[in-house]
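Dropping the structures in below, format is structure tokens.
First chain A sits with chain B, and in the next complex the same chain sits with chain C.
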Partner chain A sequence: MSFYSSLFISICITSIGIMSMYLLLGLSGIFSMGQAAFMSIGAYAAGLMAIKTGLPMIINIPIAIAVGMLVAGFIAIPVIKLRRDYVALVTVSFGEAIVALLNKLTNLTGGSLGLNGIPRSMNMPLAIVIVAVCLYMVLNFKKSKYGRQCLAVKSDEISAAAMGINVRNSKMLVFVLAGGFTALAGAMWAYLTTYVEPNSFGQKLSVEWIIMTFIGGSNSLSGSIMSAVILKILPEILRFADSMRIIIYSVIVLIIINFRPQGLLGERELSDLFRWLKKKVMGSHQKEQKGGNS
Partner chain B sequence: MNIIQLIINGISLGSVYVLISLGFTLIFSVLKFSNFSHGGVMVVSAYFGYIIARQFGFGLIPTLILTAIFGGILSSLVEVIGFERLRRNNGDIMLYFVASSTLGTMLQNIMAVTFSSTYYSYPTFFKKPYFELFGGTFTIPVSDTIMLGVSTTLIIILMYIIYKTRLGVSIRALSMDSQTAKLMGINVSVVVFMCFFISGVLGAISGVFLGINYVLYPQLGQMVFKGFTASIIGGLGNISGALFGGLLLGLSEVLLIYFVGSGYSTAIIFILTIVFLIFRPQGITGKIVSEKV
Partner chain C sequence: MKETILQVNDLTIKFGGITAVDNVHIKAVKGEITSVIGPNGAGKTTLFNMISGIYKPTSGTVQFGGRDITGKSSHMISREGIARTFQNIRLYQGLSVVENVQAVLDARTDYNIIQALLGLPSVRQKDRENVEKSKELLKIVGLYDLRDEKPSNLPYGLQRKLEIARALATAPKLLLLDEPGAGLNTKEVDELIALVREVQERFKMSVLLIEHRLQMVYSLSDKVYVLNFGKLLAEGTPKEVQNDERVVAAYMGEDD
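Up next, the complex of A and B:
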């Protein structure tokens, strides 16, 4: 597989991860700092299924998503009841615990050596289709009743509850959905690299995702996905050391938080740009017509 | 290995956790957010202590004092860079989270770049690393004893500051209601600044102890989550809660590592925390910061 196509697929994977972060951070204000753990769950579920049973990818990926959603459902039980600080803690220690367990359960997961020999079945067209479907789902979720409920919960839990929104249910829904998306990203990752090891899904990855979401603007889906794409391509061009890259991202985030707290795009979406352009073009067209008449 | 010896080890490990969790309990009670950058301050100070102990051959106590001052200054710097502007603009709580976790990651990665990811270990400060009690029935590491002693002293000093001094009164007033405190003529900026300084001092000392206990590596900052877990168990934003929680966590961790091994102990402690959160979210001491309309 060429360098460019694997870079492209890894961008797709990151975008799916960022969509889950957008669901959590942008739509409902759940501050999850251990989202990468769900990626490892998805990756291990898909990898184990592929190695132990030899089933094709088309069956394994849905199984991985289901496992991710199931685990997210369990974690959501404390998460939906708690204040934001506690949520951050629960998700962080969940991430740590998963990494420790994957390292420890050597019989099943191969410990720190990781799982080897997953077939490389991920290719570019499939990745594009998956991303498109995910994007469609997230966009529609945002527009749906549930998405609007989540936005209300994010801005003020108490008044949302007073308006008759079931706060816990909507948080639960978002958390489980995000878990499913991240597990999908993990399964794709397993089928791309053919190899999974526990330490690549540590807390560093979760923080990186938070950073990516915030640079573009956590309220804008297109903003966060665009910043994910750019931040994924830039280091490949500039060839930074890994730690240096994180430092540079952190500086960017600090500047953005201090001087433009809503992120680069704010609340704007790409579709707004199209609407604006259309208006512009139509408007000038109408003017021309008027000019012709007079 | 004796059960009493395990308990002693647990208490001294717990006392370090108490220091960590006090460091951000202080910030939490004033600004109402969890300061993840505390881990970064801890790591940078631990490296600083390592350098002055290695290069200049300082003893333990001078190293601790210098590192504490360094940590205090670093933490205040973090406040100025990360939170000063946010505080003035009444930023959303989410932004505090992002700023603090980014700052923590950044400090850790700066250490990773400068010192690369190799492991360093502190010089041995003591000629004889163990006490022997009762003719050798118990062997207690000297570093553990000193950790316990220093932490206890610091906790007493902190209690004195919080409950007896003018600064402490301002801190407590600010933790109740920042608007009213401001109207009563408390200089909020100065108090927040001092809080960050004190928490930096505590963080630096716990960083040095963690460096002595384990080895130095950039990811040592993850230890901040132990302090975080401790204050959750005890009750977030509550000083006596941090005390109970830290000791309980240290004890249970040492016992779990002895009986089931270090890999599973992380998972068991996670499950215990979850159970605790489901059934008693306000922690042992029972105060909870509830959201108001």
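Up next, the complex of A and C:
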């Protein structure tokens, strides 16, 4: 597999991870700081299935998603009862616990050596299809009653409940859904790299996703995905700078956070931006015409 | 024979050593406007918070339409048919004006998550119906033209009206209004009185009102309860309460 296609697929995978971050952070205000752990769960579930049973990817990926959603269901029980800062604590420790667990369960997971020999079944067309389906679903979710209820809960839990919205159910649903999306991303990763180890998806990745979501604007789906793509490509572009690369990367991130604390797109979506540009272009066009007449 | 819609019996809540509401009983008659007045810190909002399920009372019962709803969770009580507005306006800032109303209708719309994720036509149809219903409600309170604004861009008086529209979206039998006149000027209060009267007659609702502005209380209410330091001080028609010496003393304080 060429470097570019594998970079492209890894961008697709990150985009799916960012979609789950958008569901949690942007729509629901659930500050999950260990989301990458669900990627581990998805990757290990798919990898183990592939190695131990030899079943094809088409079966293993849905199983990985189901496992991710199941685990998310358990973690959601404390998460939906807690306030924002405590949610962050629970999810951080959950992320660390998963890494430790994968290291210790040597018989099942191969410990720190990781899982080897997963077939390389992921390819570019498939990744594009999966990303498109995920995006379609997340957009539908946002537009549906669930999306509005999540935003209502994020804005004000007390008045959401007083108007008949079941706050806990709404948080539970979004957490499980995000767990499923992230597990899918993990399974795709396993089938791309053929190899997973406990530290592949640690705290560092969770934090990277949070950075990506905030830089694009946590309230904007297209903004978050856009920044995921940019921040994923950026290190490759900066390769010429060698050891300076991480510094340049950090400086760019800091500059953006400093001058656009609400994120690149804020609350707007890319489609709004196009509409605004169109209006601007049309507007100036009309002005010119008027100027010509007088 | 007048039918009772809400009956609050011997309701008490203690926060640590403080008894915020002490053995209060209140009765709201169906189709009428009942008011609760009292000085600051008298426990009016706490009483509302217990009726709407935000606080669980230490003792006592709340009966609504003949059913015991004491200690039920907030969203269940909303589904029983009690809607409320808040003293310190609590709109959904992340949503537009029309979506604020729509989100409330959404809680009563039945399609499941799979249908929603797939974006089925039936889902879109139901969403469109809810948008239309929301627009109707916005027309009633006079916010139709501002439906795409963010709530934070509206002046205070209009935010109050949006809260009322949102409460109406729950199709309530009883509407709890928590100081709807707070922070409004005289003109806005008059508009609000007219609006409360209109919706009450139009939807055949009962209203329980907390208010500081006696002007509003006396012109709207059928019955008035007076709270002071968490205890019930007096009850009666606006006229009776107005002439009650204890009420005057509690309300006007040392002025007299």
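Descriptive notes on the structure:
By our rule, the second predicted complex is superposed on the first by the 253 of 294 C-alpha atoms of A that agree within 3 Å, B and C clash if a C-alpha of one lies under 4 Å from a C-alpha of the other, contacts with A are read in each partner's own complex, and residues count from 1 in each chain.
Keep in mind that, in the parts below, contacts are C-beta pairs under 8 Å (C-beta built on N, C-alpha and C of every residue); 3 or more make two chains touch, one makes a residue touch a chain.
Here the structure is a predicted model, which is why all the values come from computation and not from measurement.
Contact with neither chain B nor chain C is seen for A:239 once the two complexes are overlaid on the shared chain. In the superposed pair of complexes, A:173 makes contact with chain C only, with no contact to chain B. In the superposition on chain A, A:136 makes contact with chain C only, not with chain B.
Between chain B and chain C, the partner in contact with more residues of chain A is B.
In the superposed model, A:158 lies in contact with both chain B and chain C. Once chain A of one complex is fitted onto chain A of the other, the partner contacts of A:144 are limited to chain C, with no touch recorded for chain B.
Judged by the touch definition given at the top, the superposed model places A:250 against chain B, while chain C stays out of reach. Residues 158-159 of chain A are contacted both by chain B in one complex and by chain C in the other.
Note for the complex: chain B touches chain A at residues 28, 33-34, 36, 81-82, 85-86, 89, 91-95, 97-99, 101-103, 105-106, 109-110, 112-113, 222, 225, 228-229, 232, 236, 261, 263-264, 266-267, 269-271, 273-274, 277-278, 281, 289, 291, 293. Residues 25, 29, 31, 33, 77-78, 81-86, 88-90, 92-94, 96-97, 100-101, 103-104, 157-159, 203-204, 207, 210-211, 214, 218, 241, 243-244, 246-247, 250-251, 253-254, 257-259, 261 of chain A are the ones that touch chain B when the two sit in their complex. Partner chain C is touched in their complex by these residues of chain A: 136-137, 139-141, 143-146, 148-149, 151-152, 154-156, 158-167, 173, 177, 219.
Residue ranges of chain C in contact with chain A, taken from their complex: 52-54, 73-75, 78-79, 83-84, 86, 90-95, 99-100, 102-104, 106-109, 111, 113, 116-119, 123, 127, 130, 166-167, 169-170.
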